[in-house]
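First chain A sits with chain B, and in the next complex the same chain sits with chain C.
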Partner chain A sequence: MTELSFTEEQRDCLQELINVAMGLASDKLARFLNTFVHLQVPAIGLVNAADIPAQFRGQYQGLNSSMISLGFFGDGGLRGETILLYQLDNASKIAALLGYDDDANSEAEMLTDISSILTTTFLNGLAEQLENSFSYAAPRIIFSRDNDFISKLEQTAFHWQLALQVDIRYQLTDYSFDCNMILLIPGEAVLKLKTILDHVLAEF
Partner chain B sequence: MALTALICDDSLLARNQMKKSLPADFDADIVTATNGLEALTVLRGQEIGVMFLDLTMPELDGVGVLEVIKAEKMDVFVIVVSADIQPEMQKRVMDLGALAFIQKPVNSDKLSAVMRQYGLI
Partner chain C sequence: MNIDWLINPLLQQLNSGVILLNRQFQIAYINPYICRRADIKLEEVQGKELFSLFPDAPKAWLTRKLDSVLSLQSPAFSSWEQRQYLFKLPHLRPVSSTNQYMAQNCNMLPLTEPTTGEQFVCLLIEDATDAYVYQSQLQQSNFQLQQINRLDGLTGVLNRSYWQQQLEVEVQRAGRYRHPLSLLFFDLDKFKRLNDDYGHQAGDVVLKEVAKLIGSLLRETDLFGRYGGEEFAVTLPDTPLEGAIEVAKRICQRVAATAVEYQQQHLAISVSVGVSDFNSASSVNGANCGDTLIQQADLALYQAKRNGRNQVISYYPELIDSLKKVKP
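And now, the complex of A and B:
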């Protein structure tokens, strides 16, 4: 993993690009939910993809949770998959506030809408700063109440070497809405990302 | 005597972007801080003409810095430079006395226009 690890400058650079992309996503989420989103400095870390499922087992097991995954493909071999993990405690409340019908299908629809705002806006913002552009696969939704959440995560993580883990808490004015976002990136795309970050750093 | 400008941001990249985006005819010494607490120490220790302030930072965030500046009636122009572009946040920092709000990543033309408007260049 040594050749894949980031220098302190690269990590700082990526963190700032993520901050800007998160700002765009939060602004859009705030407009969609008609509320204010408290932004915190996201914790980012580069970990072995294989270690991800065990970590989230502790955090999410036994809870009513949902996982939504979205694959992205950029120029020059930059690609990966984002995973959003939610706790669903407030999902029905948020769905009601947004005027979705009170049933499981509507809740799934709402989560897809919110995930699309968070991931697509975030990734578009990140791509623009990297002078790249991403296209997306269709999102996949997995509810923990229907499936073994962690085994799905294991199956997904298995395909990737490295995970860029971005822990984000979207705290809304009227209710808190916890979610974790994970960017899973294959090794060769990490090398590509490092090269791009060096270009960004060289400009300043 | 040249003005002293303070750039407060937790990211090295953002501080460097900010320095590089400053207009060429801006005659100032530049000092930096990496979070809100450091910024307050600088503000209390020397005369700062203008501060470029990030919002999302560890220790003390930009809103916290603006609150202290307002409470202690510190004499400094503050230009907020942030990725948190929600209208409510922009209103909040302007209400706390910020001169202007600039969206990240900073655009040098926009920055020049704002600085010209307030007679900084």
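And now, the complex of A and C:
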């Protein structure tokens, strides 16, 4: 745990890079989606992956939720997984946002489409800040329209014990639609990330 | 080592489709994987618009996706699980697969030509037909297992647990829409003696034949189940008591008129039938209506046996008192 935790400098640096990446992403998304996109300055922290279900409990308990995962690989051993959580009361809002007719597209396709747009846009920006580039796996629906998803989440074997959690909230004003993104980076990759951050810091 | 020589043979022999589009979605390049399957020549289609070449492709949706790749400069994906295919292409599983077109996974990647800075979208297409076929087979097996789980192995009618479950569904529906609903309970007369005299295999043959005969007298919507050993039950939706009694009488007559053949012998059989209906049951106890229906039909059946078998009795409230007399 100790060798994985960030120094204060590394942490500030990562926070700053993520902020910049989010700025880039919200600008691109706003132009593509024709709406103002507000991305809250995220909280970042190293967490025990086993604690994540408990965190979601308060926030999403009893709601119809969907969870979509998207994996990514970068150079220098950097890799991870993003998880997007949606409350599905606003499925029709997502359809309108993407310019889809409700009928022609399945809800599953709509969710994977919006997820890959939201995550890859942000991650591309982050990769740019880290002087890296990411390749992505196709998005995967872990579950959809499930109000007992917390228990499923507890059974979901994450590939890692320790994770870098970055909570990002996408709020789109015209559509009052929001979702949460969690960026999970496994322990080995956190070590790589620290090296990369040190490299970035050395350049200043 | 210079590896420029690698690109061409790789694109030639790659076991995935590559389609390169410019900003106007015109074909810049298609690799042989696609050319051969679509029966087109690269030099003849270069510069043509994608949707004129593949008029069946989902234009509105795909255009929006390609726009997102170009404007966000980030990849987009399409999975066979959500959309079986983007382009109608044949696949190489003619025997094992019933679907006509190749199931496809597609990656849409933003690319920039380094010297001119011109932007392109590259579609990488993978054949997912095997996965599609496996999943279809799995769904089919699941369906078959579900059927097996609902049916009685010997007679092929519904098994008790599924029949009872469906009775509850019908009871709720009848209550909600105020439709009539009736229940038949019947039992093969002197079945134990038949088993003793001719053996259990004869008994099985009789059960199968009677189930087949009665099944042929029912409507599609009637729910016919095996309740116990030689006891069967039929739920008759949208059927008032009079109609149910008629059905029951027909069953009684037809069974009595039919002899089951077993090892060159004709086995005479008959059934006794008890009938109950939703009105009388719901007036007693609205909550456990299904159970009440079963209990009333069972009481009527018992009375039919006591009256001498091979007959139909419908439930009447005094039957409860007669039960109390018999079983003090």
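FYI, the second predicted complex is superposed on the first by the 180 of 204 C-alpha atoms of A that agree within 3 Å, B and C clash if a C-alpha of one lies under 4 Å from a C-alpha of the other, contacts with A are read in each partner's own complex, and residues count from 1 in each chain.
The definition used in the following text is that a contact is a pair of C-beta atoms (placed from the backbone, for glycine too) under 8 Å apart; a residue touches a chain by one contact, two chains touch by 3 or more.
Predicted model, so just to flag it, every value in this text is computed and none were measured.
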Which of chain B and chain C A:Glu9 touches, first, second, both or neither: first
Partner chain in contact with A:Asp27 - chain B first, chain C second, else both or neither: first
Touched partner set for A:Pro139, first chain B, second chain C, both or neither: second
Partner chain(s) touched by A:Thr112 [first = chain B, second = chain C, both, neither]: second
Touched partner set for A:Asp198, first chain B, second chain C, both or neither: neither
Touching partner for A:Glu131 - first (chain B), second (chain C), both, neither: neither
Contact set on chain C toward chain A in their complex: 60-61, 64-65, 67-68, 71-77, 79, 81-83, 105, 107
Chain C contact footprint on chain A (complex, rising order): 28-29, 31-32, 98-100, 104-106, 108-109, 112-113, 116-117, 120-121, 123-124, 136, 138-139
Of chain B, residues touching chain A in the complex: 10-14, 16-17, 20, 55-58, 82-86, 88-89, 104-105
Sites on chain A touched by chain B in the complex: 9, 12-13, 15-17, 19-20, 22-24, 26-27, 30, 36-37, 39-41, 129, 200-201, 204
